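Supplied in structure tokens, the structure appears directly below.
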Amino acid sequence: MKPTKPPPRRFNFRGFKPREIKPQTVEKIVKGFVWSVALMVIAVLISIVVFILYKGLPVINWGFLTEIPRKMGREGGISSAIAGTLLVTAVAVFIAMPFGIGTAFYLAEYTRGNTVTRVIRFSAESLAGIPSIVYGLFGFIFFVMYLNLGWSVLSGGLTLAIMILPTIIRTSEEAIRSVPNTYREVGFSLGGTKWQTIRGAVAPSAVRGIANGVILSVGRSVAETAAVVLTAGSALRMPASLSSPARTMAVHFYILATEGISMENAYGTAAILIILIFFINIVANTLINRFVAKGR
Amino acid sequence: MTTSSDKIAIKDFNFYFNEKQVIHNLNLGIPPNKIFAVIGPANSGITTLLRSLNRLCDLSHEARQEGEILLDGRNIRAPDVSVTELRRRVGIVFDVPTPLPMSIFDNVAYGPRLNRKTRGKNKSALSGIAEEALRQAALWDEVKDRLNAPAMSLSGGQQQRLCLARVLALKPEVILLDRPCSGLDPISTAKIEDSLIELKNRFTIVISPHNIQQAGRVSDRIAFMLMGRLIEEGANADVFSNPKDQRTSDYITGRFG
Amino acid sequence: MRKFKEKLSERIFFALALSSISVLALITLFIFIKGVPLIAEVGAFKFIFGMSWAPGRGEFGIFPMIIGSVSVTLGAAVLGIPVGICCSIFMAEFAPVWMRNIFRPAIQLLAGIPSVVYGFWGLLFVVPAIRNYLGGPGLSILAGSVILAIMILPTIISISEVSLLALPRHYKEGALALGMTHWQTIRSVQLPAAKSGIVAAVILGIGRAIGETMAVIMVLGNSVAVPQSVLDPVRTLTTNIGIEMGYASGGHQQALFATGIVLFVIIMALNVSAQYITRRKIK
Amino acid sequence: MKVKFPKRAAFVMLSAVIPAFMSSCGGKTGISVVVAGSTSVQPYVEMLAEEYELLCPGIVVDIQGGGSSAGVTAVESRTADVGMSSRELNEKERELWSTVIAKDGLALIAHPDNPVDNLAIGQIRDIYSGKITNWRELNGADAKIHIISREEGSGTRSAFEDMVMAGEPVTPKAIVQNSNGAVRLLVSNDPNAVGFISLGLIGNQAGLKPVKALKLDGVSPTRENVINGGYSLYRPFLLVAESEPEGAAKLFVDFILSEEGQRLLVEEGLVSVREGTGE
């Protein structure tokens, strides 16, 4: 079927406009369309969460949280996976924080638009785009093999630290830049040096924004699978030190689900992960809200 | 136009933002222990002039300047002058209240804490300094019971007096005020003006008043600037009653500006 | 002393910044060291355009996976971008406040859910649906595209919504005051004004899609043949690494690092062009 | 249905054997044994290590994955005391010390609704090399076969290739999954799929749909048929070491080969070395 050409508008009566719909009608159609698409999408997204919680919550009890997995995770709880997640994330965040925040301060406060600055900014933005599996490859070859740290909490944490670095840099830089310039002027006008001004006047106002970025990257570390499995390993034992291998909850879920070891425990693990991320988000939102309220 | 007794002497001063010249060949002497008002319509270069006096203009990469500014006879841009030391001697209050997001007390103590002099002094010495500064700014009675409340909780007028107190706590020699009352109600304005007159015996004050009436009320000497050029400078009464330049007369009688 | 501290603090910040970015050099260096020998041995052309991947027999051609990455990412973009922008318009303009207050944290939560959970959900629901209603094994480009589209939605929605909400009120009020309908205002004023933010959201979403590994491993089928239709299974560059890294050794492992190099180069090229585009937008 | 060994009884038994084992712990404490290698063997060894550490609280067993080849490399470079392999050792690796700890049968599986339930080894080869593409050619329904294979390099895949493919390559069109569980899940959902997994995993489990194990030349893939030699699709699980293990490593290997260790492996669906394979 060929689309027919509109006829020439020779007989155009007054008040009759061919092929033109009233804007009000368009408005109604578009509104209905947008509403239905949005509701559908949100329904699908929420159904994923509800599905996991529906399947997973009944499995969770005190023992599930505190017992070590037994029989490959078919029995027992997931305490070592919880510990693994917390340890790997803690290492990642504690290492990435000084570097990320320091870089952000450098970019926001000390840059002068020269080549060095441009290189730093370009690299930070490029790091943000690298897929996690490539971080995993790097962590495997550099930390696990080259530095001989083995599959360990440390290797996993260091790899994740590199992975979340760009997130921390980006959000912190934004937070620092959004500090009103008057704060800097006040700091300088009272005879503060640049460092004193940053520490005393700029940093306190940026701290909530920075904290929010850090929390975001905590969430990313908790949820990461590909990079962790290549660097922290997948041992089920309770990690005894930073040099012992560990399995995070995301990895545990992946292995339980795809190896078909135990669907119940897989859902339980996923449910705990979702609850954990939910809490991380609540903390982040509270921080943002306090930040916004303070700024007003 | 400058004499050796001047606290601040500005000589052949030119100021540029990129290619645009904002101050043209300015020569001006500011005497000690007086209130010196610089008046003029918007874009006259007054804010730039004030910020040049404590080198806050250095923060902008686009700024460029010629000529010299002497404080007690010494060029403030001389290589051996510490810019932070200069800014401590020459304090500034901005046109909008700029309290830092911390408590009232911490705001006032902020400057002294940066200062080496108070290092080692105990907390009571610091609170002594803060109290004195707040009294001088006529704010003490209003805030003495809530020194730990956030500075943002104060009213606009109180915030501006807090900023003044913050400057006073550093015991500066010169205080620059850039339209300090522009957003304030008449009562707050009167309070600040009263404090200024009280303070002038101990400090050199340079103010850019937000209107001509204020200049008349508080200043000892007045300079009138237009388009970055100094038009006229003289004692308060002279400029008001007997302006030498037609443009000055037009401005103060409200023909333009 | 203060001067010293001043100098020291700048030096420290500079050192931190420098070490942060030297990581990029380190990553590049190590992945290239590990992967380049194999590319040299096989030949860059044969490696990139070779059609057969069988490490056991020494055949290392990743062209099917390049096709896989491109087609799955394209599919995710086609499905995800319009829907995402649609949702962001809904959230920023049409949704009542109470709905917004529920949906915004929900979307945020979804952005944080591990990709493995999305993948598994896809394996349980999307794959069987495709198999039963459209045919084929279900594990397919389409399944991967759907899952990736769902995964990038939270990113696209929240960033686009923020850039729509950040517009000055007078844009909208001015347009409405001229008698435009709400939709006309959105289409002709707000969307164009928020373009740079929306473009940034889309770029970020595509970046996430092309780099995703674990979720697509579960739903793509991972076969190494060139797909004939969207219902055929396919393998992407990321899944090639993810699926075989566990057992690989020797030349096989090198080949996976070489796959990483190709992925890395593609991503860097995307980054550079994205940065170029956004920079030009600002100017 | 697998008969679960009553937990309480197991504890009673364990407490009875603990004193006996305590003596074989050599009174050592704070010693760790590093085990690395095949991820197919890893879960079983992990499970054994759990039990072993209960018996010998002084000894810690560190287990890492990485694959069979990585395990052998780790042993050669002495980064690991013991390596795990899910494939036979090649010529070069034969010089190492090794022992078979169990045998793992491979089963061809299909959807329970699929009418086909017996395949000849040649037919399997033709399916996986892409010569047979429709179930009709095997007296099944007229539908395309969805071939599911494992990833290149996995022990299961190389065992399958060694025993079935006779040098022919697996078709690139085959769907590839990187775990037994994923293969099982797919086959249980897709009436036209065929795959191969560890024998121990074909049993039914709560929350999983059933799959049908296909007969190979008329022989059912059961533990019994592996033991009596009727079913030929199986592979060894090996432990390797640079030289014969000593100290804590030896104690752990001995535990795995002991009656208790083997019983635990049998419980997981493997074929014990004690049961033989009719060879």
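A, B, C and D label the chains in the order they appear, each numbered from 1.
Everything that follows uses one rule, which is that a residue touches a chain if its C-beta (ideal position, glycine included) is under 8 Å from a C-beta of that chain, and two chains touch if they have at least 3 such contacts.
Since this is a predicted model, take the numbers as computed values, not measurements.
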> Nearest chain to the global Cα centroid?
Replying inline: A
> By mean C-alpha coordinates, which chain is most distant from chain C?
Replying inline: B
> Taking each chain's centre as the mean of its CA atoms, how far is chain C from chain D in angstrom?
Replying inline: 36
>> Just the number, please: Cα centre separation of chain B and chain D in whole Å.
In response: 83
> Once you find the CA centre of chain A and the CA centre of chain B, what distance in Å lies between them?
Replying inline: 47
> Counting only residues that touch at least 2 other chains, which ones in chain A make the list?
Replying inline: 193, 196, 257-258
> So which stretches of chain D touch two or more other chains?
Replying inline: 39, 65-66, 177-178, 182, 185
> At which residue positions does chain B touch at least two other chains?
Replying inline: 84
> Hey, which residues of chain D end up touching chain C in the complex?
Replying inline: 39, 65-70, 73, 146, 151-155, 158, 161, 169, 171-178, 182, 185-186, 189-190, 192-193
>> Residue numbers of chain A touching chain C in their complex, please.
In response: 23-24, 26-27, 30-31, 33-35, 37-38, 41-42, 44-46, 48-49, 51-52, 98-100, 102-103, 105-107, 109-110, 119-120, 122-127, 129-138, 140-142, 146, 162, 165, 169, 193-196, 198, 219-220, 222-226, 230, 250, 253-254, 257-258, 266, 270, 273-274, 277-278, 280-281, 285
> So in the complex, which bits of chain D are touching chain A?
Replying inline: 39, 42-43, 46-47, 49-50, 60, 62-66, 79, 177-182, 184-185, 201, 205-208, 268
> For chain A, which residues count as touching chain D in their complex?
Replying inline: 70-72, 148, 150-151, 233-237, 240, 244-245, 255, 257-264
>> Can you tell me which positions in chain C touch chain A when the two form their complex?
In response: 2-3, 5-6, 9-10, 12-21, 23-24, 26-27, 30-31, 34, 83, 86-87, 89-91, 94-95, 103, 105-110, 112-118, 120-121, 150, 153-154, 180-184, 207, 210-214, 218, 238, 241-242, 245, 256-257, 260, 263-264, 267-268, 270-272, 274-275
